[in-house]
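Same chain, two partners: chain A is paired with chain B first, then with chain C.
Moving on to the complex of A and B:
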């Protein structure tokens, strides 16, 4: 067990920011591509499904009280296969966070720092993230806890001040691209909530019982689901499908659309502050989870020696895609199209635990 | 000690990053474009006109010195922007641009290829007003320099465009709405109509020229015509009397039925913003005048308020007296579109305040109030019907967005696209109902009778 302890609200804020951060990049665009006019229903269906899956995953965690998913993987798959699978997980987290770094950089270049080299922006983001990770999960989760109300306030403010555009007809036809695409994309859409699995890897930091851990997951997914749904609904009302599928950074376009008279316009600079801060936090979280899982896998006493190396690795991975379009494509492929894999591994482990009847004695 | 050293290194690194605004420019280096105009070019594809702000204090100076207008011909807007940097000692930027003015020629040719760079640009906002001028965009911008009532050029158009809600004579038209309508299977785009004041001298000159021509031709036939005129004199007098009565009523009904350049006026700004440019797909197909624009906005729900003049509802008084009402939106219109029966049903909810009753009749209360409400309702219903039919028959363009109401009847996006609303719109049957209520009567609740001493009668009781 770790000596560091994280509170309930801190960890909830941590997971919510990990999930909700997508709003600040291409998530609304991808979802409207998948769901057309019914896109606002997708997070709702996917969220409910994700809650169900999380409850199943909790059953696995309950069989091995106090053990993180890294440890459970090893216990169920054996030391060799277990370590191998955990290394795959580390690689997944690493590549995903690195691609997020690239997308954040591209978004920053396109919106505010148009002349600044991409690498300089990447260094700036990595610097903030590395510094935070250096101070550990306490620093990250407390920052998340303090920042979350402001981030939520900024998102909700954007949505409210866009009220002149509200026209609920734009959310119809209700089935979007049809019944099957709606169902299929709702299933694939659980990827949006895949970050909740980080909770299973950070369980050793949580000094409370299983009920509270379960509640953190459910609460995080529910709040994110609510935010995603209203955000997509407003986005669809402002940028009607199919134009909603064109925008690279939807929230930026939304803030640029705010026009409440001569004296209340051009307010995007205000909201960019929150977006940039969320990006710093999200990168720090990604970097921390990657290093923490690696530390647990390799049974290292500390992840700090790896910090500089992994920062460099993130930087390298981030600049692997050739251009903006490719980076956006790969990020959405990994994050949205195949992000559901995050749920598959613990569910497979649960199945193995059930079949091999492992962990039952611990519960008893 | 070690911690302090590390901290110092981090802070130094931060300072290295802080001046990292590679694109930083001083404000006095920039030339802020306020209005962009697009005309067909003679030497290149388009002629782009920029109204640039001169970033100096305007206080104590003439307002027209606040901006400079430059034009350049180029293959595209951005190429033109680069070119003006060769003869304007500022780095031009469109981040503060307010409006895009498009000439009629370009609008009739198709706007989509010009809209595309506007919606893609990270500098230009989609909240930019989209204006179509019947003449040249360059001429409009040139006249826009003469600010009379506004010191700040950037505010001039903002204030003009508030007329959308205050008078209803111009639509709320911006690049965003145009682009959204262009991509929707359920509506067609519009833009605000702008123009330049036509000088009275020019009009008079043209009229005089016409009269002179007529005189030269007419001298020979004058005697013969005089004879014929005398024969028909009695008949004509009777007809003229009728015409005079009708034309006065028409004048009242046609109040606000102007497009830019037609307003009979003297003084003020040289630009006029009144009316709507109607598009079918991305091509301009016609115009709505100020009056029609108001009715258009009543149907779309964009109408806020406006002063209306009607002939007096009384058949006797209607010939010579008028009633002024301030009409406001009561609530959003109710629109039902039935794809099975191909019917559109529009219900408008309006409220009004009496501003003037020339006849002195007590329309403020009782049966007369009901009579006034019915009269105004019928009048608006007929005008709205006429306008909708005009868009169906003449323009074949659903600028009202009735097609958006068919979304609810269809299950999937593809069903909606396949329904081909825009093709079917002209054949839809339309019915309009107006619910108008007089809510206030100014600061009077009735009109006292006027005693006409000489004639010994009380006129209105």
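Moving on to the complex of A and C:
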């Protein structure tokens, strides 16, 4: 068992930041492309679905109290297949975080540091993330818990000060592309909340009972769902649908539109600072989860020796896509189109547990 | 021969070894043949203690005695027949007496040395331990206690540390003059008898071990050795020149007490005791410094402070192995969790009222003798940003100054970096008119903004350091000359842009608003780090800097308490973190300290509210 213990609000903030960070990059654009004028309904439907799936996943975790998903995978699939599946999970986390790093770098270059080399920005992001991970999950989760109110406040401020530009007519037709596409995209849209699975891998840090763990997942998804919904709604109300599908960093476009009088008309750089801060934290979280799952898989006593190696690996993976377009494409593919896979693995495991009747004795 | 006879006489006739308390006493003859004549000579020369028959032996005497017959070692040698004039006459070497054998090899470690019943042996010990007669401010004074028959004794004290008046009036006069003739002496418990019947001193200890005796003497007390007693009497005679309690210099308040600690430990502990009139206030003493043997007081409230915390503080302080402990600042570095961190993890204060407020909260105070500061542990970042005045002021005023201070904190660390970020990377953020003004002011400056800023910040630090180091009046002048004239001249010469001078001045001013000296230092250094990050990456660099700052703070602990508690991790707290609530609403003590008594005051602490007319109506 880990000696480190994470509090309820800290872990909730950890998961919320992992999910919500997407708002600072291309997520609103991708959702708008999928849902058209009804895009704001997508996170709502997907979120409710994700909550349902999370409750199912919790049934699996309840069968193996105190065990992380890494361990459960091994218990259910055996030592060979279990380790192999866990390695695949590590690879998934690794590539996804590395691509996020690339997208953050591209977004930063595109918005506030237009002349700074991409690799220099990547190095700063990686340096920050590595240093944060070095201090451990306690430092990450506490930082997340302290920073979350300010991050949420900055997002909500952007949304509120854009009030003069709201045009509710831009949300029409209310069902967008129609009922079926909306439902289909909602199913795929659970990818938006795939990060909640990280909680199942970090369970050994949580010193409380199953009800609270379940609550963390539900609360994280609910808050993120609410934020996504209102953000996309405002995004659609400010920009017309066709325009909203073309902006690379929607939040930057929104902040550029802010006009707070003659002296405060270009405050995007200020808000991007919050976005950058969140990006640092999100990368650190991704790096930590990757290393933690690997540590658990390979039964290592500490992940610290792997830190430098994985930082380098992230840097390499981040620069594998040859240009921005490709990196955005791969990221959206992995993050949005096939991100739902994150829910599939634990559900499959639950099915296996049910069929093989594993873990029942533990519950008893 | 006479000496040998008396030694035998003492050992065989008057040595009551069967006494339960192992208290030996030896009646000493009125006239000690060994060197008494020389003592009298000295008395005549110095003219001290005229009218008294007893010898007055200062360290000058010791010097003479050391070279004379009084020396135990010399005696030893005589007994061995080496330097004695009777050398040729003796044929058979007599075995050494136990006492003389002991004198031959005096251990260097006083810990192993116990007081001897033989006065001369003790004298030799003292000579050896204090390196007499080389050590000039150690005074050894021989005298006779006016009993019947008179008892020979000597006292040891340090000139300059001990109070002469107490020694003369409370010790010498009491033992040499004011004793009634028909006093019945309990020779079996001589030291206790003298302590209880003859010495009027308020604090008298009976000690056997030389280590403890030396520790007491080195701290201004006076030790008395009496012939026949294997215990020493140590009388409290501290009386060195000391600074009186004066006003605080670095933590001034307008409302509230105007007392500050000084360099005397007992005075400082007294100031705290004066405010906490509670028998549960514990003051434990620990000696630190192998050469300096400085007393370190650990103070806490026994019924509030967490015992584990107290144990941890004692463990850390007691474990320190060093030769010198100069002041609280040195001890702080020895006991803090992260010595390389920019932010301090121990609060240093010169105010007794502030120390008291922490003690009643469940913290532990550490006071080093000789340092006019108290160290408070554990602490959080928020307590470093509070001042006692916050509580002395009414709620709106107290909160106003707290908000001001938080703003000052961010101005201190972020203003130079933000200026560089805006000017170099994010010009669009600045309103056009202001941008034009900045551009115009910078047009004549031949240096890049980053260089300009670092030159000015460095100059500001120089002015500050010079202002602190040079004597008072000139220090102020340097501040004015440096800040005003130099700044204006630099701007007029076109070397520095005027807007930058405003940025540097505001940053400097804000740093002065930070109440704690150590954290103010940390923030001053941090602004350079933020400026460097901003110079490379603009606002992204500042975001990175903020993350590093936050991570370093959340991962730090002060004696096991997270440095950002009660915010990170979240713990239950009363309304006193950034803003403060009404004093009557702070009902519980801080949770992160886990105090023994969590309740500070009842839910309704304003008793008069219960009986007020409005309540009755409701």
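Definition applied: the second predicted complex is superposed on the first by the 364 of 364 C-alpha atoms of A that agree within 3 Å, B and C clash if a C-alpha of one lies under 4 Å from a C-alpha of the other, contacts with A are read in each partner's own complex, and residues count from 1 in each chain.
Just so we're on the same page, contacts are C-beta pairs under 8 Å (C-beta built on N, C-alpha and C of every residue); 3 or more make two chains touch, one makes a residue touch a chain.
Computed from a prediction, not measured in an experiment: that's the story for all the values here.
Using the contact criterion defined above for the overlaid structures, shared-chain residue A:327 touches neither chain B nor chain C, since it reaches no partner.
In the superposed model, A:70 lies in contact with neither chain B nor chain C.
By the touch criterion defined above, A:116 lies against chain B and chain C together after alignment on the C-alpha atoms of chain A. In the superposed model, A:311 lies in contact with neither chain B nor chain C.
With both structures placed on the common chain, the touch criterion links A:262 to chain B and to chain C.
Residue contacts after overlaying the shared chain place A:177 against chain B, while chain C stays out of touching range.
Of the two partner chains placed around the shared chain by superposition, chain B and chain C are both touched by A:131.
By the touch criterion defined above, A:108 reaches chain C but does not reach chain B.
Within chain A, the residues touched by chain B in the first complex and by chain C in the second are 113, 116, 120, 124, 127, 131, 262, 265-266. Chain B meets chain A in the complex at residues 10, 13-14, 17, 20-24, 122, 125-127, 155, 158-159, 176, 179-180, 183-184, 404-405, 407-408, 410-416.
Every residue of chain A that touches chain C in the complex is listed here, in rising order: 7, 9-10, 108, 112-113, 116, 120-121, 124, 127-128, 131-132, 135-136, 138-139, 142-143, 145-147, 262-270, 272-274, 276-277, 280-281.
Residues of chain C touching chain A in their complex: 421-422, 425-426, 428-429, 431, 434, 536-544, 546-548, 550-551, 554-555, 562, 564, 567-570.
The part of chain A that touches chain B in the complex is made up of residues 36-37, 110-111, 113-117, 120, 123-124, 127, 131, 167, 169-170, 172-178, 239-243, 253, 256-257, 259, 261-262, 265-266.
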